[in-house]
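As structure tokens, the structure follows; a few thoughts come after it.
Residue numbering begins at 1 within each chain, and the chains themselves are lettered A, B, C, D and E in the order written.
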Amino acid sequence: MIEAKFKIKRDDFSLHADLCIPAHDVTAIFGPSGCGKTTLLRSIAGLDQHRQGYLKFRDSNWQDSDNFVPPHHRPLGYVFQEASLFAHLNVRDNLNYGFKRTPQSAQTIKLEQAVELLGLEHLLTRKPTNLSGGERQRVAIARALAVSPQLLLMDEPLTALDQTSKQEILAYLESLHNQLDIPIIYVSHSADEVARLADHLVLLEEGRVKASGSIGEMLTRLDLPLAQGNDAEALIEATVVEHDEEYKLTYMEFSGGRFTVAHKNLSIGKTARLRVLARDVSITLEHQNDTSILNIFPAIVEEINEDGISQVTVKLLVGGVPMLSRVTRKSASVLGLKPGKQVYAQAKSVALLA
Amino acid sequence: CFILPANSIAAEILVAVASNFKTAMTSVARRFELNSDHKVTLIFGSTGKHYAQIKNGAPYDLFFAADVYRPKLLEEQSAAITDSRFTYALGKIVLWSPRKNVIEQDAKLLEREAFRYLSIANPKLAPYGRAAKEVLLNLKLWNGLAKKIVRGENIGQTFQFVKSGNAELGFVAYSQIKNPKQEIEGSYWLIPESLYTPIEQQAVMIKDTTAAGEFIKFVKSKAALKIIRDYGYDTP
Amino acid sequence: MFSQPDLIALAITLKLAFITTVILLLLGTPFAWWLSRTRWRYKFILEAIVALPLVLPPTVLGFYLLIMLGPNGPVGGLMDAIGGRPLAFTFTGLVIGSVIYSMPFVVQPLQNAFTSIGQRPLEVAATLRASPLDRFFTVTIPLARQGFLTAAVLGFAHTLGEFGVVLMIGGNIPGETQVVSIAIYDHVESLEYVQAHWLSGGLLLLSFLMLIAVYALNRRFRPIQL
Amino acid sequence: MIEAKFKIKRDDFSLHADLCIPAHDVTAIFGPSGCGKTTLLRSIAGLDQHRQGYLKFRDSNWQDSDNFVPPHHRPLGYVFQEASLFAHLNVRDNLNYGFKRTPQSAQTIKLEQAVELLGLEHLLTRKPTNLSGGERQRVAIARALAVSPQLLLMDEPLTALDQTSKQEILAYLESLHNQLDIPIIYVSHSADEVARLADHLVLLEEGRVKASGSIGEMLTRLDLPLAQGNDAEALIEATVVEHDEEYKLTYMEFSGGRFTVAHKNLSIGKTARLRVLARDVSITLEHQNDTSILNIFPAIVEEINEDGISQVTVKLLVGGVPMLSRVTRKSASVLGLKPGKQVYAQAKSVALLA
Amino acid sequence: MFSQPDLIALAITLKLAFITTVILLLLGTPFAWWLSRTRWRYKFILEAIVALPLVLPPTVLGFYLLIMLGPNGPVGGLMDAIGGRPLAFTFTGLVIGSVIYSMPFVVQPLQNAFTSIGQRPLEVAATLRASPLDRFFTVTIPLARQGFLTAAVLGFAHTLGEFGVVLMIGGNIPGETQVVSIAIYDHVESLEYVQAHWLSGGLLLLSFLMLIAVYALNRRFRPIQL
């Protein structure tokens, strides 16, 4: 567990964070601009010292009323919101700065691998001023990884990157997280990134924790802003049961049925996370054929949230697992949707997050 | 000012004076101003500096040097009025310590070398230094004391070395310890004139003005000579 | 051209300037660092005090130092009490005088350089396992390079030309406290203008070459743009 | 027209841009990290002076071999990739800096309005160091707008902002663009933002213009990376024909049929842009009923691009208008899709971009 | 306590220091700016030259200035030719000497401050319609505030205490070129220690108060963090 309690007062802002997050998960911090995400990360890193706080990482007390572990003794890696590279060092020396200071026995992350995966090989001798925005950001990520942290704090680390790089880096981070059991606290405004990476989600609002919980639960809670609007989504854990080598598909089962998704090289029996966007889920009364949609499940309407003027979010239970669907109010009315009604959920596209 | 002497209008003269002669000259000038409508502005400094300045156009009317050499040089170079040169004071040196009962009336103390530093003025720059060196040479102590001698750039600094206690004793100008209004501090030995050639301080006229001429006349007067002697100099 | 004593004076001068600069940097760096980071309400008083030695004419400053170092002064008394040698007329004394006199030229550029670095690079370094001292050497100093250069150049050059203080507390002892500035001064005072010209010219040339070397070397590391 | 030709050589990068973009459009510059987007924007602003170039903005020559209009005489606004606020000025003075230097007669944008829409009122007296990342970015946008530019250059201006703010700001920019006829050159990695805002798209790759054209055309060209991958989409111009006040819906017609979209307050007869994501479009062989999907159109398969291992992108023509659909290879095979085949396109969700 | 000539000397000194500082800032600012921006290969030569006046003892520097400004020197000759008054032994001459001698203390901190600003704020200002001059006054100068403060303080204080140059080319003429540093020196030389102490103390106190005021004022504008 990572337990954090901070009270920070500024002129017109105060942070009252009281958090308890799993020590082996990726935790996403989500919230509007200026809600205190950076402030929270800084406090966890120990950069804002003279503040009332309590912080425990796994078994170690990092901060309480009479104890303060200074930042350089906390085994963490921090990717700042701005790249903040050392202006006097070239890229290689920036990367080596922390690497050299990490005892060999503690080196779990291979610097060369990070450099390769972040596409930095050809930049190693450049000075930071001669890099593009995205290049700087990638160097900053590699630099934080080079200390082989036991906790990774990332403040909007991928904002300046294109989709392809983003996906690659996310995959790399995920593999690091899985292989090395490094918890990550990840600030992001991108629902994509959060869904992809996070197990746990903390919702901040004006310096207070509005909600905190596992990602699956948080995403489908109709009372939270996440389940409202166009980016609402559900995450469903499912087990790999079969691969279709011809069409390059993978079949995955969960309590509500069987998903067909794009092929991923996962061994049979493994569980992985599927992302189903609410706006990708349509509702029919009958099971339909001759459609390109492959993922069709019988479902029960659990709750309907009239959060938009023309659209509603429908929470469905598919074999007991929550799934969201966003349809027009007209459709909801035409189809006569109401809690308890039996329908079919058609998921147009499903992303396998692994 | 009420009545002006017919032959002179009130004027200001600039007089460059060797620093060591400051107190005496201030007194002399003040007395002169009492009896005259002229204003005397005194500019103190090292003789070497004054020489360089005069050579480069300094607006001084009179130059009271600390030695004979520089006035003579100016005269030879036609930077001063020919034949205006005269000796206005003869300096005397003393071996002095600000503490009582330290200095004896002979050279024994110097011979015993029972001190860490002996302060003298730089013989190369200051006539008092030259005189001090002569004294030590005559006493055959110059080489033996070489390591103990600290040198002030001018006689004022030499005095400060001793006064502040950093050097226990030093050859300073008699005029520095003798003041008509005060008793002499500490103990001293007025060096016999047989041990050094007198320190002749000469003055020269740079610009031949009436006021300058009147001032020179006054400096040569009995009253002025008396003041100069009161401040520890001999007069010619 | 150059007489033996002149050359000795030159050597002493270089030694003095070098040692003084080193001491100034060693003392000035932590002090400037502290000044740049502290939030102490009254630090402006200290900032003002640092600049004060400049205000007095060097000879006068030297005069007061002489009194302080003398057996009746506080420092001299202390030295006496602990059985040390008095400091006036020694090379050590010169170093002390020069250090005091040149301090502002070192502290101020350093303080500015430290201030303009800001907190961020140090915070980053902290998250990369660097201890405060480590950070100081590997981040602050390199980023403040330009400030150090200015501090060192001003400190060194000012000590080379320093004169009044040295004149006052040095006692002009050849081979010990006679520095080249005094030697030149002596030449000028005693109308040995030719020697004065040579010595001044030599000192200028030497300094010029050293400065050129320093700045050219500095140029090789490109200035850090923000 | 904005005509730009630049040749810039750096150690291991060279930009050979030869561009001609409409002077009244929003042009998006799209391309991977380090491809030269910022360099291009800087050249247009005249910040990198001694370079070989030619630049014409509408009727004015900004740069050619013997003429160089300095940046401060170019009537543009520039939002830098990093906020780059003046550290010595508080927020208000940052905003006023350019505002004061704009003659009253040229002031077309209301500063108060910008401040309000960007949510900066409560920050006006703050120093930039006391702002959060997103707050800084918003100030930078407002500052660039405050000079009432005739050309707006924006280098990834919304990266640090949450979705809600992003949408609001995009809407504001759009209204400025429409009302004041300010062309915008907009660098972004976000397909969302580009689709929302851009009329014209320039694709950069390693310093060269790979393609340039109207957004509709560019998005559905299967040979470009845009139509590949999960974010492929089509933009369709349609005309408002009716509003459904009860269900808060708007009906819009185009040559291929009638779209039902969430209600927007647009007058009848007005045309607007609809965004149809490829992954939201499913294909059926028969027209289906009892579905929550409202937008169903008869279509002809034009081309099939096998760009993924398990998925394919199908280019459909709906009344002659291109639309993309992303389906699994299996579905394509089961449904027997091939060029020329008559099918039905079902668009699960359609966004009205206005 | 303070004699009439002492007070006059003090007034002259303040006037000199003030005028010198203003001139130094006026000349030093564009020069430092140019040094901080130029990509000229050989600028390091100029950087070295700027520091050179420091290397010579002030009196010696003053001596050479005297020769230059004197009726037989190049500048003096020129002044003569154009019918001007020679500059040696005038207040103007003092100003010239002080400016030359204190130049490095102004140029170097300013150059550092300008360099550390970087290009970006100026680029931003350019896109916000500010002309180069406008940018300089509204962006560069405020951002280099700390550097200006250091430059002004070092320049002012150094001129207050300046002595050797002034003594040489000023000629110590009361009411015209006798500054307070020389007055103190004179007091010390002529063993008028009490007056020397009073004058030194007064000068120190006055300077201290001025410095305190400057730094306290500076503190009110919070330092710019990066």
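Observations on the structure shown:
Convention: contacts are C-beta pairs under 8 Å (C-beta built on N, C-alpha and C of every residue); 3 or more make two chains touch, one makes a residue touch a chain.
The structure presented is a predicted model; accordingly, all values stated were derived computationally and were not measured.
Looking at subunit A and subunit B, the chains that touch each of them are C. The minimum number of touch steps linking subunit B to subunit C comes to 1. Relative to subunit A, the chain whose mean Cα position lies farthest away is B.
Centre-to-centre, using mean CA coordinates, subunit C is 19 Å away from subunit E.
Separating the centre of subunit A from that of subunit D, both taken as means of CA atoms, is a distance of 26 Å. Chain centres here are Cα averages; for subunit A and subunit E they lie 60 Å apart.
Distance between chain centres (mean CA atoms), subunit A to subunit C: 56 Å. Subunit A has residues 82 in contact with two or more other chains. Taken residue by residue, subunit E touches two or more other chains at 59, 63, 120, 188, 225-226, whereas all remaining positions touch fewer.
Annotation for subunit B: residues touching 2 or more other chains are 49, 52, 157, 160.
Pairwise, the chains that make contact are A-C, A-D, B-C, B-E, C-E, D-E. Subunit E contributes residues 59, 63, 66-67, 69-73, 76, 86, 88-89, 167-168, 171-175, 186, 188-191 to its touches with subunit B in the complex. Every residue of subunit A that touches subunit D in the complex is listed here, in rising order: 10, 12, 31-34, 37-38, 81-82, 122, 130, 132-135, 138, 155-156, 159-166, 189, 191, 229-231, 244, 247-249, 260-263, 279-280, 282-286, 288, 290-294, 308-311, 325-333, 335, 346, 348-349, 351. By the touch criterion stated above, subunit C contacts subunit E in their complex at residues 43-45, 47-49, 51-52, 54-61, 63-64, 104-105, 108-109, 111-113, 115-120, 146-147, 150, 153-154, 157-158, 160-164, 181-182, 184-185, 188, 196, 200, 203-204, 207-208, 211-212, 214-216, 218-219, 223, 225-226. Across the complex, subunit C is touched by residues 46, 48-49, 51-52, 70, 73, 116-117, 119, 122, 124-125, 149-153, 157, 160-161, 164-167 of subunit B.
Of all the residues in subunit C, the ones that touch subunit A in their complex are 120-121, 123-132, 134-135, 138-139, 142-143, 145, 222, 224-226.
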